[in-house]
Structures are given as C-alpha cells and as structure tokens.
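Naming follows writing order (A, B, C, D and E), and every chain is counted from residue 1.
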C-alpha cells in the first residue's frame, strides 16, 4: 500500500495483536476465545501486515512457512489426541495434570489445552497460507500477461 | 422470537437460491455464502433461542445454572462456519483459475462437457 | 445481579440517546452504502457501519451488564479496520491506469 | 477398543508424514504404500472382531454415548472399511508412477489419504454431526484431487462438482439443525430411540427429506446426479478410480444407515420415493452410458445406473434386498475402481479414452484384454462373476416381493449395461488399431508393473467374490440382519444407559 | 464327485489353453481333444451301462437362498453329454487342422473349452441358478467365438447381435427360473420336477412359463428370434459346427426337455411350444435350400431342425418324445459332419458358394464320401439312423391332436425341403465336371477329415444295430423327459405302415424339388426375396431397434444432463421442493400456526433482522461486485450480532473474523470478473423468484414448526453439568470443541489443512504453468 501511515503503523500493531491472540487462545477454556478465535485473530494480524506491506514482507516477518505451521498444528492436535491411547484409554480422552505455576497458583494442564494450541497453529497456518497463495496469484495476475 | 427469525432465515435461503440460479460465477458464490449463513442461523434458531445468557460457568461455580443458551448448537455452528470458510476459500481459488483460463464467468459457458 | 444501568439511572438516559444516535447514523450509513455514488463512498460507509455496530455492541453490553460482549466489540474494531484496508487496496489498484 | 480409531487415524498420520517428507519422493512413496496397505488389514481385523464379538463401539474421549462422539462398526461398516481399504491400496499403488504428473507440490498422496480418512470416518461415524465432518473431509479432499492435473476441463467440471456438493452440504447441515432442534441429540442410536418412541412424526418426515436429498446428491441418485458425469471423466485415472469406488458409495452407505436406523418409521412415504428414485436412477444412468463414446464417460454414467440398483435394496427393505444391495455395494466398489484403473491404463498406453481413436488391444495387448474382461463382464452381470450375483439377489428380492416391474427394469437395464460394456470391448479391443497401431499392433505401449498389478489383483478379487459368492453373501446377510433390526445397534452404542 | 470335477477341469484347461497354444502351436488341438474324448469314454464306460441310477453330487452354496452346488446326471443329461463330448473331440481336432498355426489358436481353444465345460455343466446342473450360470457362460463364450475374426466389422456385429438376443433372453430366463424356484419352494431341479401340480395352480405360473420360453426360444433360434443364427456363421467353421449347429443352440431345447415334466401340463405349453416350433421348422426349411452359401444353407437347416425339436417337445403325445431323442441324435451327427465338410470345402477351395464348387469328388475323395453319407442320413434314407429319426418324427406328427393336419403338412414340407438342402451340401459340390476354384483343391490332413468321416459313418451302425443299443438309452432319456420310468426300444423296421409311406412320399417330393431347384431359386429371387417385407428380416428389425435405443439414449442425455449448472440446480430444487410440499401435504401440517407471543420488545433483534433483509435485497439488486460484497459484509456482521445476543459469543467473534476474511478473499478473487450483470430473460427471472420464494417459505415453515416440537431435553444439559467438573473449563462451548466433541474439531482442522493445501497447489500449479509459458515464449 502506498499509505505511509499504514505502513508504519502495522509493525507496531501486529505484534500487539499476536500477543492478544495468544491471550485469547490461552484463556479460551474459561472465557470467550480458544484456538479458533485466537488463531483467526493472529491470522488477521498477519493479514494486516500482508495488506499493508506486501506478501513477501509478511512472509519474511512470519519467518515460519504457513504450510509448516499448519502441518505442525494438526500434528500437535493429533498427538494430544493420541496420547491417551498409550495410557490405554480411548483416543482423545482428556488427561489432566495440576501444575503449580508460580504466580497463578495451581492450574490444570491437560491434553485439551495442547489440542487447542494445535488448533490455533492450524488455523493460523491455514488462513495465512490461503491468503498468501491468493495474494501471490493476484500479484502475478496484475503484473503478468493476461 | 423464533418465528421472526424463521422468516428471516427463510428469506436468506430464498435469496441464496435466487442468486445461485443466476448466470454469474460471482453470484453463485454470493448465493452459497448466504445459504451457509442461513443454515448456521437455522441451527441456532431451530434449537431454540435464549437471549443474553452465554453458556459460561461463572467463576467459582461448578455447573451452569438458570437459563443458558444451548452450547451444543454453538459448537456445531462454529465447526460448520470454519469448515465452510475452508471450502469456500478453495472454491474461490478454483473459480479464479477457471476464469483465468476461460475469460468468462458465465456459468452457462462453463459446462464441463458432460455429454 | 443488578447491571450498572440499573444502579446508575442517568446512564440509562445516556444509553438511550446514544442508541438513537447510532440508529439514525446507521440508517444514513446504509443509504450511503447503497446509493454510493462512488466506490470509495461505499467503502467508507462500510467502515462506518462497522464502527456504529461497535458502538451498538458496547451499548448492548452496558444494557445487559455482561462484559463478555466487549470481546466481540474488540475483535470488530480490529476487523473493521482490516476490511477497510482490504477494500482500499482494491480501490487503489483500480484507480491505477 | 482403540482399533476402531485406526481406519481414521492411520490415513491422517500417513498424510501428515507425507507432508513432512514432501521433498523425498522415494520415502513418500514408501510411507504412502505402507499406510494404504494397513487399511485393508485393519478393516479385516475389525470385520473379524465384529464377527466374533458383535458390534464394536468406541466412545471418543471416554464420553458416554449420547454425549460424546461414538465410532461404531457393525458388519456393514466393517465390510465397507475392508473393501474401501483394498481399493484404496490398489489405487495408491497404481498412482506410484504418476504422482509427479498429478502435482509437483507432492500433495497427491496426502490428499489421497485424507480422502480415505474421510471415507472411513463416514463408515464409522455413530453421530450425525460427526458424519457431516467426515463428509466434509472427504469432499474437500475430493475437490482438491479433482482439480489436480492440468486440464481446463477439469477446472470446469470441478466447479459444477463443488457447487452441487456444497448445496448438498448445506442441505445436510440444515437437516441436522432441524433434527437437533426437535430431538436435542445427535447420536444416531439415541436419535433412533427418540424417534421410535415418538408419535409426532409429522415434521420429522420433512426433516428426513433433507437427509434423503443431501445423501442422494452425494450418492448421485436421480435427479441429483448432475455433478457426476462431467467430474469423473475429467479427473486423472487414479483419482477417477478412487472417486468411482468410494465417493458415491459413502452417500449410499449414509442412506442405508439413516433410513434403516433413524428414519425407519415413515416407510409409507419414503418407500415409494426411494422406489422411483431407484428405477429412474438405473434407467437414466444406463441410457446416458449408452450414448457415450468415451470409456471414462461410459463408466461414469454406469456408476449412476448402478447406484440405482443399490437403492433397490433400500426401497424394498427386506432382508434379502438389503443383503443384495450390500453385496452389490461390495462388488461395485471393486469392479468400478478396477474399470477406471483400466481406463487409465488404456489412456496411458493409447493416449486417449476416445473409443473412436482406440483399437487393436485384443491383438496387441492380450494381457490388458483379459484384465478388462473380468471387471467388464462382471459389471454387465455375466455369471459366475460378482456382478451376476449382486443382480441375482436383487432380482430375487424384488420377485419375492411380487414386484415384477422392478425385476423387469433391473433386467432391462442389465441388457443395456451389456451393450455398453461390449461397446468398449469391441471398439477398443476387437477393432483394428487406429493409426500407428494398425500396422504394428504388437507395439502398443506396455505398462509398468505398478499399473497392471493393482488391476490384476482387483480382477482376481472380482473372480474370488464371484466364486465364493456364498461366503460374501453370508456376510452381506449378517449386515442386512443388523440393519433390519436396529435394536442391536442401539444396544451396542447406548450400552443400556438410554435416557 | 466326478460331475463337478469335469466342469472344473474344463475351466482350468480353458485358462491354460492360451499358454499351451503359444507353446505348442497346432499340436495343442489333438492334445486338448483328449479331454472331451476322456469325458466321452468315461460316459460310455461307466454311465451308460447304469443309466437307471442317476449320478448325484451336492455341496452347500448359499443355504439361506436354497442354492447349492447340485449336479445330477440322468438319461437326458447323458444323451446330451454324449453327443457334446463326442462332437467336441472331433471338433477340437478339426479346429487344429482348420486354423493351422493361427496366432490366436490358443485363445480359440480357451473359449472352446470354456464353452464345452459350460455346456456339460448346463446339462448336469441340478440347481436352477447353477444351470443359469452355465447357460450364460455358453452365451458369452459364443460371443467371443463368433467374434473370432474380430477385425472384420461383420463379425463384431454378428457377435453382438447373438449376444444381445441370447443375453436378453437369458435375463428373461433368469427371472423365469427365480419365479419357478419361488413357486416350487426349491431351486433343485430334480425336486422341482415332482411339483408340477403346485406349479400349474400358482397365479405366477403364466409369467414363469413365458419368461422361460423367452429364454429357451432366443437361445434355440426359434422364430422370430432366429436371425442371429445365420449371422453367427461368420465364425470359423469349427465354431459354427460345434456351437451353432450341434450343441449350444440345443441348450434351449435341453431346457425345455428338462423342465418338460413340470411345464408341459400348462395350458399354454402346447400352443406356444408346438406352434413356435412348427413355424420355425417350416420357415427354416423353406429358406434353406435356395441359399448359395454352404454355411447359410446349413444354418437355416439347423433352424428348421431346432424348430422340429421344439415342436416335438410341445406336441404332448407319447410318440413325440422318442422322436425327439432320435432326431436330436441323428441331427447332431449328420449336421456336425456336414458342417465340417462345408468347412473343408471352404478351407481347401477358398469359397463356400455352391455355384463355384463343382466336381470335387476326385480332388477330395474322403470328404466326398463323408458328405454323401451324412447327406443320406439327413435325407432319412434307410438303413441310416436318420431314417429312424424321420420315421419317428412322422409318427409323432400323425398322432398330434393339436391342429393335426397342419402339423403333418408342416413336417412334410420341411422334410422335403431339407432333402434338397442335403443334396445341395452333400452331393452337388462333388458331382459333374471339375471347375477351377480360388484355391487349388486337394485333400487336407486327417485332422480335417477324421471328424466328418466318423460322424458320417456312425449313423450306419447306429441305424443297423438300433434295436441292440437303443433300449436302455432311449428308456432313460425319454423317461427323464416325461418324468416317469418306462421301458422302450426302437427298431429299424416296423413293417409297412403310414409313416413309412409318408417317409417315401417326402423323399419323392424332395427329389422332385431337387430336380427343379434352380428354377425355384430363380423364381424366388424374382418374387419373394425381392419383395420380402423388411419386418421379416429379424436382423433388420433388431438393428433398427438398437438404433432407436441409441437415439433415445442420446436424446435423454441431451435433455437431462444439461451442461449449465443452473439448469441442474433448478431441477434439483424443483424436485426437492416438490417432495417437500408433498410430504407436508400428506402429513397434514396444521394450519394456521399458533401465534407466538412477542415477549420483551425485541428492538435490537428486529433491527438486526431488518438489516439482514435490507442488505440481502441490496445484494440482489446490486449492480457491481463491490457493492454486493459490501452488502455481504453487512449481512455477516448482522449475523454475528444475532449470534452474540443469543449467547453465542465465541460464535459471534468467529463469524466476524471469518466473514471479513471471506469478503476480502471474495473481493480479491472476483474483482477481475467482468460483466456482473449478464442479461437474463424476464420469464426465467420470474421462475427463479418463484422457486426461491417457495424454498424460503418451505424453510420458514419448517423452522417455525420445529420450534413447537421438542421431544426431549437436549443433551447439552450434560455438558452444562460436567464441563467444569470433568472438563475443567468455564467456557462450555470451548470445552465441547476441544474435549466433548474433539473428534469433530480434529476433522475440521483437517478440512482446513486440505483446503489450504488445495489453494496452495492450485495457485502454484497455475503460476508454474504460466512461468513455463513465458519462458517458453522467451526461448
């Protein structure tokens, strides 16, 4: 985009949004949010970057390839689902473990949380991947011969 | 309020179908989006609407009490919305490719040559 | 549980006035959105719709006393901007020779 | 217990592994083949478990029946799992040499496995919404698979395919919403219990219509079959093969499952609908096939026609009819996939599927001719191959019902099937070669072992099904018994804690 | 055990034959001929002496459907098996001599063996379905054998014609057999035959009879289905000789004979069977002598004899059945012999046209002897076996109650004409002064002439010694057909009686016709053949029908399978709504609806609803894509608000984000599409609007009524109770997503993953292709 203002705002805005998305993800079990919403917000942040500064720049900023991100996300969710099978329980049975966290006190940590994290990454990866693919195609459409 | 929403959803369905029956690819997509929105609203409506009572268990409580909106349709709709998005994104890409190769978005000319 | 509106009667008046303002603006914006005439007018109108909706959600949250609706408002604020940028990019490209 | 998870999880794990080792073709091929071959093994294992211990159930996440998601395998599911696994493995081998052509991004095999995941999931789903999710997994994979490749025709065909299937999904979803609104549950067994006990079926019937239409679109029944004829011929051979074997059959399976288990009260309304649907599907499909001059198109229209035969089973709904339809299902999956593989093989060696441009294969490539004959004759219902028995059972079922008309239609359609199969045979195999092949028929391009092997194996399976029709039919009968008496299914799922 | 073993061995050999053929060449013929020879010898040695105790075999197959692997060898089976295997032996050898080192000899033997085993299986099957399987196998192997010269279009067309006629008949037969099995309550033929009474009284017996007759008549080339048989003569002669004159065409006859005890009491049996048989017999005989092609002459003669056999079965008099047995035996031998002779002539002289074949006696001495003897048997001159057959035939015709005089006349005319045919094939080519033929004629090897000679000579001892061997054999065969035990013998000489007189009269008439044959032929050519109505050419009718079927198929496909997506959609929606409203009508939904109280002035809700409707209206009327997309965005936001106020906060947020992304992607993709408003006809638009309104009304109706039905509390109560205690989450929706129904979510992210992969690969595919194109253009 040609707007200088927007180009300069985005690097400040996006990291903030990413942090927010992670917050939405983590509190999702107890308040509105969760993997889907968190992932979508994170993807929106990246979409901002992409719109404002171009696909290539957004890719560089992301560092990780969206394809890898989504594969990793699905794999994480899958692994969290498979874990109980090794404990002899049906797949996707939640395994909970109360963990002492310094500031927050006792927190239940379990495979559903891991599952949600997997969903988060999958959603981020998928959305950005789709966006990037279409953007690139569109860029080529615009520049290349019809 | 369900009857009111029933009418609205009906209108959405009708409009979606009307749009799908046009010749343009873009209207086909518009129609599909409308229909999937309508289906989502239908799930909520048909399961019964409860206002202003999100299914959130208040802090310190063990169970949901009082009236609360049915959480299951919400989960279903959420899943359906996300799935719909994935499929639609793919469909859009497909249309872009088809348009690119054929230079036409007239559906009647994009037959596929079945017979 | 009493909502903040119930405990503070003046707030109800403010909320009512705001609601009316938002409703009227909303109506005008929709007309703008439909009539145009230019594309940029419509995009601006869309952005405005999102903002007005945001206001409406905040008022609704106030009325019901449920802060969770603010989450929606938060995301809407973000997305209104995103969609405006998205449309703007299209306009930009379209105006290019 | 977790055995039931494997048919879904093995393809998923395989697909993910394949995505990880995208760069290494060799490794990817090995992983894909191992993944594909473990599916029929697991299927047979489940079948034997069902045979020994009765209906298998797993409650995912340990949440009990109506609340969590349940995977259920009865005879029908287990049979379908085994056959589809077999077909999937055959296609996975067939495509080994071709995946590079299909997609340079290396997504073909992952998508194939994702498709199998969706298909297997649909067979196992004991929950309506879960069924929807599996349908979507299957559909999106099929969408992507269909457009892999290069041709423009493929893109155009995909548009129609995707659009109509999206409509079907929307209808399915709508039906689900209405159903949940009325019953407050999604578990199939629980639904069956609720609907058995209710007297007010008035609007449930109209809800059932949504499922009928949604599944009929997937199954390509009359008049919901428009997506099929353009889509399959446009797809590359292995993809067309796996589609032909599996996609529509999932729709048929879903029809069988829902209309025997859940919506089995309104027979007065749905039986005539299904009856005419079956007949019209058979007739219009076979007439469509007769009109074609392209191998893949002929085969595609035949799929429609044969779906009609399977619907007969549901329309008559006697034990014999259902067993016959299940037998038909099993037979058809194997044979149709094989025929599409053959069409692919012919295309590979002859460069086209157009019958006008083909010829000389009988003289020039007798091996292929023999391998074609087995499934083609089987499809046409020539004894003692599998197709004959499937038709025999259905015709017997309709005659036992005193239904001469249905029997007559089934037989007449059989004649037309024979016409179009012999058309392929006479044009592509018996006729003199065209062009270069006319002078040197022996020089017809030979095919790789990875291409001929799956075809040969499936042909052998066809023969085996034919010769051991008694045994296969025994299983089909057991499956039909379970469908006729849904109480078994309900008891197995609900485990006595019906609400 | 021996019974299924024969069939299985035959099938196995059939699988091996192509390989053997490749390895051994011509030598494969005598080698494989050992198999039918062994069957024949086994039959003569062990079965024929003990015919009064039928051989049985039974193994379970599909017990729940009463199907079993049951075989049964009685007198009738033995009769058929005997001549099938005897002819088979010599045909196999003959085929080796005839085709020499043909590259596809192995395949020919594969199909011949398949046919041979199927035929044996057919005659010994004791299960209706098993019988049908073998029946169809003979049809299909006949298809491949007729199409042996597959590169000629005529061969292909004739093969298809034969297959379709017999195949369609076969399917009718299948239906008939199933009906029969259901009526009789058993699929075992031997048990069924004892239940004639129940059959006759059953209301479905008419249908069953008609269907079975359809199968038998098509297979045995009865009028009007006879036309495929002359067409089938395009096959190499060994095949015509074996299948289309001696064995396969008799399958239909066999079936009629087999089911004779059950069906023959039916009211329609005699008129249908005897009538069809008599017509076929006369028709074939009238056509046969005037043809020029040796094989066509024989083909029509075969049609005639097949009619004769059918007629004999249908007559329903005692004398008819022994006549049937005699005719079938005599015919098998002389016709096989004559066919092989025709083949030798074709093979050695290069033509089958009788006008070009003259004075070949010196060139082909052995063949001429065989031909002459066989022709004599065909003419029915004593003391050959043919004479006995003819005499029995006349006796039966004399006894016929049903249109007696007509039957006698038919037999008289047919037999006289057949005499001419016999002359034309057996004597004419060998007499007179030699004429040059396309190929220099000379006697072939013993593989060629052994068969015809054997079968030509065989009727001599058979005829002379008939009273010695015929007793047990005829008793068993006739007994099996009539369904009772009886004792009988056949003699050569019954003294001077009416039948003998008739026999000589026929011979005389035959001689007369033979003398005038050229004049008659010329006359017929001028009159009947020139004006033969097209409808009498079965083949033409068949081809016409086939063409019409194709035309129908094309028309249907053009109309139904429209290319345009919206026509498809319209069709689907019309059917869907049609069914929907019909169901509502049937189930009597109560009108009008119960009024619903509007509690708590829902200002916000009403507003959202109105926004949705307004935005939709705007989207439909929008002239540009961006406006439509913006309207879509508004609808999405409003839907999100709908979710929000109904307590679905997660959903509202998701909807917002997804809707925004959707609209953005939509704009990204669609903004290049031109001509947003393609012209549409007013009519079409109105129709669509009507359809849309109907579907909207249908949905509204359903939701409205759905609200009133609640069968039970939803299962969500469980989630409300357990989400905190067992799922450790306050947000019930999220707990459902990641715990209660996590499998759905897993499936969902897989969908997303695949969609993203699809988008990636599709765009990448296009980009790469474009890149390649530009590079190619640059280079």
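Just so it is clear, a contact is a pair of C-beta atoms (placed from the backbone, for glycine too) under 8 Å apart; a residue touches a chain by one contact, two chains touch by 3 or more.
Note that the coordinates shown come from a computational prediction; the quantities given were computed from them, not determined experimentally.
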Both-way neighbours, i.e. chains that touch subunit E and touch subunit A: B, C, D
Chain closest to the middle [Cα centroid of all protein chains]: D
Maximum centroid distance from subunit E, chain identifier (CA atoms): C
B-C or B-D - the one linked by more C-beta pairs in contact: B-D
Chain centre separation in whole Å, for subunit E relative to subunit C (CA means): 72
Rounded Å distance, subunit D centre to subunit E centre (Cα mean): 25
Whole-Å gap between the CA centroids of subunit B and subunit E: 49
Contacts with 2+ other chains: residues of subunit D: 12, 19, 60-61, 129, 133, 136, 140, 143-144, 147, 159-160, 163, 167, 174, 178, 180-182, 184, 186, 226, 229-230, 288, 291-292
Subunit C, residues touching no fewer than two other chains: 68, 71-72, 75, 79, 82, 86
Of all residues in subunit A, the ones touching two or more other chains: 31-33, 36-37, 41, 44, 47, 67, 71, 74, 78, 91-92, 94, 123, 126, 130, 133-134, 137, 141
Pairs of chains, among all present, that meet the touch criterion: A-B, A-C, A-D, A-E, B-C, B-D, B-E, C-E, D-E
Residue ranges of subunit E touching subunit A (in the complex, touch as defined): 649-650, 653-654, 657-658, 660-661, 664-665, 668-669, 672, 726-731, 734-735, 737-739, 742-743, 745-746, 749-750, 752-753, 755-757, 759-760, 762-764, 766-767, 770, 774
Touch list for subunit B against partner subunit D, complex: 20, 25, 28, 32, 35-36, 39-40, 42-48, 72-73, 76, 79-80, 83, 86-87, 90-91, 94-95, 97-98, 101-102, 107, 110-115
In the complex with subunit A, residue positions of subunit B that touch it: 54, 56, 78, 82, 86, 89, 92-93, 96, 100
Subunit C-touching residues of subunit B, taken from the complex the two chains share: 52, 54, 56
Complex contacts: residues of subunit E adjacent to subunit C: 604, 607, 611, 614-615, 618, 624, 626-627, 630-631, 633-634, 637, 640-641, 644-645, 649, 652-653, 656-657, 660, 663-664, 667-668, 671
